[in-house]
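All remarks here apply to the structure that follows.
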Amino acid sequence: MRIAAGVDVGSTQTKAVIMSDNGGVKVLARTLVDTGANVQRAAERAFDTCCQKAGIHSGDVGFVVGTGYGRYKIAFGNTQMTEITCHAKGASFLCPGTRTVIDMGGQDSKAISVGANGEVLDFVMNDKCAAGTGRFLANSAEVMGISLDEVGPLSLKAQHPVKIATVCTVFVESDILSYLAQGKTGEDILGGVHIAIAKRTLSLARRLNIAPEITMTGGVARNVGMVRALEEVLGCKMLVSPDAQYIGAVGAALFALEKLDQSFESGIWRRDHAVSGGH
Amino acid sequence: MLFERTFDHCSDLHFTSVCEWKQVHPGSKVIAYFPVYAPVELIHAASMLPVGLSGAGDRLDIQHADARFGSFICSIVKTTLEMGLVGHLAPFDGLLFSTICDSARNLCFVMKRNFPQMYVDFLHLPHNPSSPAAAQFLAEEYRRILAQLERLGGRKVDDEDLRHSIAFYNRNRALIRELYQLRTQAPHQVPTSELYQLIRLGNFLPVEEHTVQLETALADFRSRSAKLRDSIRIVVEGSFCEQPPPTLIRLVEDAGCYIVDDDFVIGQSWFEGDVPTEGDPLLALADSYLNRSVYSSVRHDFRKPRWDGLVDKVRRNRADAVLFLIAKFCEPAYFDYVPYKQELERAGIPHLQLEFEEKLFTFDRLRTEIETFVESLVFD
Amino acid sequence: MIDKKEYRGSIHQRQKDLMLAWYEQLDQAASTGSPATVSMLISGNCVELLEGFGAVPLYPEVNALQLAIRHQSLDPILAAEDLGYAADNCAYVKADIGCMVKKITPTGGKLPTPTLILCNFVGCNTYLKWFEHLAKLQQAPLYVIDVPFMRADEPSRSDVEYVVKQLQETVRKLEQFTGSNFDYDRFCQAVACSSRTEELWSQIKHLARRSPSPFDAYFDAITLMGPLYVYRARPEGVEFFEAALAELQAKADARKGVYEQEHFRLVMEGPPPYPYFRTFRDMFAKWQACAVASTYSTVGGLWEFGFRHDPANPFESVAMHMIAQNVTNRNFLQRYEQIRRYVEEWNADGVIIHFVKSCRLFSAGQGDMRDYLTKQLGVPTLYIESDLEDPRYFAEAQTKNRIDAFFEALEHSKTTATARGLA
């Protein structure tokens, strides 16, 4: 039995997943911790906690792949891979039939065109501004004095969603204040905000060939309002795994498992990758 | 009321009036043109309808054009492409661009790729008007475009047709000049929020019809008895391509300004006087472009730098200040702002710079800035 | 650890010497008023004409890029923004104007007020505004050569005549401002030199078709471009490119590439992020990815497809170069075609589109270019964003992430293809 792990160090949260291929590939355990200021510590905590949950020793893990923005800081990792590659892999595994991934995280958003074997065919990223990311929602929530968990459900109750013209997270604040002053309801404002984000995200995604199944991943996938807004703008249903946040870590773990399977020839392993610090 | 109708016209993404014209003139072609200036006389002489595009204002969500044109690009480039991608440009048989800026020029060729069934062309307007060779070159360029229109329309266009069309547009432009002069003399009688819609209507209507509208409006404005308010007189500069939302124009007036001159939709009143209707008409148009055009951020003529033109404009219109209304990401306007600002400061003319986008839904920030500016001038 | 090789042949040093010598001439002109200097823009420049007066070109663009490469561009940019230039104005212009305002130069030497500010308008509207502002600032005379844009596949007779007439007007202006007569023979010799230099440069560009390519046709080509636009029309230029060709030919014959193993062959579109030139290069070196062709290196002229200046028709061929044989005056769809040819004829694995905030000529519509490359041609394409001059717009981690993801996918597809016997 081979046991492998994937660790996804995101800007806000770190996820660890341990998988095995004993009688079929499956997830043994998954953990999520806040990343905080010390990336290395967060990765270690997530991994150790995950091992405990899986009821194994860390030494039992044959291979560890790190991913996410902090992937070079995972000292115990054997190698690292971008979260784009891992998201495609993870989404394909958890949501079979995935051909497009829409990932909305805390700090960035991306769309990935995925092949039949979970390989990346093409991708687009918005990693330079908050438009279309969790940050945009968090800011809006703050301006309105609402908790982030409430924004999604509230947005579903919009009767007449307001028009948000800007995608700049700074300027949208004054737009929201303006609408509040005009007496618009919180539901309508949030409805407008969600639609604006959905449109912006899909605008980016349209650089690819958007093909079903469309799978949503990332922290924002837990926002029911966002899922609905995206589906409305897309005009079709999306797949959302209950493990949406772990998809990157799952993908990383799957690659780690492949590495342990000597008979499997995957292009990723043609060369030796430098371990952490090589950037 | 006349002006409510015009607003609907100007923002009609289905170009209903254009479709109606096509029904009344079966088989006739419609040629759209991107700002700022287009030789509409050529299109008219070929018995076609010239239609000025002005982006989609706040009526269209950019859902597809963003994938082709990314950040740091003005909205009008994206909304124009978006209109094409969602089918709104179907009534048009041709699309004409010219040398105004790099983004618009690239748009021309992106349109060419994405709409191969349309006649898409790029007019090279001269940037060296001091060269004796420029007039001949431009006349040749007009001849080239005309040949394409002839091919499209299946009919030859002769000099008489051209002179005829020039005369129509001369009359139209003369009326616009009169309206602007009336506004300068009696701004209380000619609200810009109304005048603007009227001029912009010229983008859609056949010139003959538009001229009638202008004549009617001129009489109407003259007969008005409005009270002269204690507003400051301003020149608005920078809105020559992407247009500000009409709400913004009203807001400027409500904040205590009389707009006594502007460069809104300036392509329509491009010439300082009549284009000659004797001699070679294409040469007459070319010569007028080179030597009798108003200054603009999209036209290069260093014989008289356009910052001198702005100062002249302010003095001629007895304006108190200049309001730069610049479309976000409009590179020509951003560049010109620097020498404009320097010369205005040298001449002791107050000014304010504001950025807008054609799609704006909240105006609080802009209102505050304009009101503050007006107050600073009034309570000096 | 991948050995990040840099092009360090003897030609690298020679290139540096030549550029320093040029700056020295400019410093001399600033002090003594001689030789005459003419400000021009790199793309579609008519440096041959200047040879007829013994005048030296002054290139504000080179000023700007030198500042960026030496990490000195931010201060002048900020100085320009204080004057009122927008955050979204081309940073090349801001850096150049800013450094004039702050009275600094990239090398520390003096730069002269030009005898003539000659704006060779080849499509870039920013060029026009820039030179207008320079004329106002430096109080030097301005002349614009209006070069008709490539709106059809070939220039028309009328286009060529118009430019030739303006070139002749330029000659008269230069006679007026320098007080010297135009030396027509020297001009023809200069055109002949250019023709020779272009032939050599074209051969160098074609060496990159070999596998492995002996040089990086983006990073190294940009470095080699300097002598192309300063010395193209002079014997020093010919000598330089003869030596460069010999050195690269030897490398190619010995099958020596830029890296130990050439893993990926790329076409690069767009200018580089000059303030992060080395860092950016390292991101590709890590994957042993070598550029075999680039569009930006044809700003200095498009020579690889056969065009040469013709000393038998000097004015006409100078006009033709300015109209049709530089990347900026060619239309957007012609650039797609240029990239397509590179991918096919230079045998590339993918295209990198580098969107730069400052330059709308290069960047406006690159999303459509991406659409063409990926959906119509099926070529793997990566889209990255930063700026060519302003150091504030480079997100290192994000850029590296995109590049890594792109090569991870490319590597995977290459190996799968090999495994299936397709490569």
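Letters are used for the chains, namely A, B and C, taken in the order the chains are written, and counting of residues starts over at 1 for each.
As a working rule, contacts are C-beta pairs under 8 Å (C-beta built on N, C-alpha and C of every residue); 3 or more make two chains touch, one makes a residue touch a chain.
Keep in mind that this is a model prediction, so the values were computed, not measured.
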Taking the touch definition from the top, what connected groups remain once subunit A is excluded?
one piece
Pair of chains with maximal C-beta contact number:
B-C
Between subunit A and subunit B, centroid-to-centroid distance (C-alpha), Å
46
What is the distance in Å between the mean C-alpha positions of subunit A and subunit C?
40
Quick check: how many Å separate the C-alpha centres of subunit B and subunit C?
35
Among all residues of subunit A, which ones touch two or more of the remaining chains?
207
Residues of subunit C touching at least two other chains:
367, 371, 385
Could you list the positions in subunit B whose residues touch two or more of the other chains?
66-67
Across the complex, what residues on subunit C touch subunit A?
1-2, 286, 367, 370-371, 374-375, 380-381, 383, 385, 395, 397-398, 400-402, 404-406, 408-409, 411-416, 419
Which residues, counting only subunit A, touch subunit B once they are in their complex?
162-165, 174-175, 178-179, 199-200, 202-204, 206-207, 233
Partner subunit A, residues of subunit B touching it in the complex:
58, 61-64, 66-67, 357, 359-362, 364-365
Please output the residues of subunit C touching subunit B within their complex, sorted ascending.
83-86, 88-90, 93, 121, 123-126, 128-129, 132-133, 135-136, 142-146, 148-149, 151, 156, 158-159, 161-162, 165-166, 169, 331-333, 336, 355, 357, 359-361, 363-368, 371-372, 385
Subunit C touches which residues of subunit B in the complex?
66-73, 77, 99-103, 105-110, 112-114, 121-122, 124, 126-128, 131-134, 136-137, 140-141, 144, 300, 302, 305, 329, 331-332, 334-339, 341-342
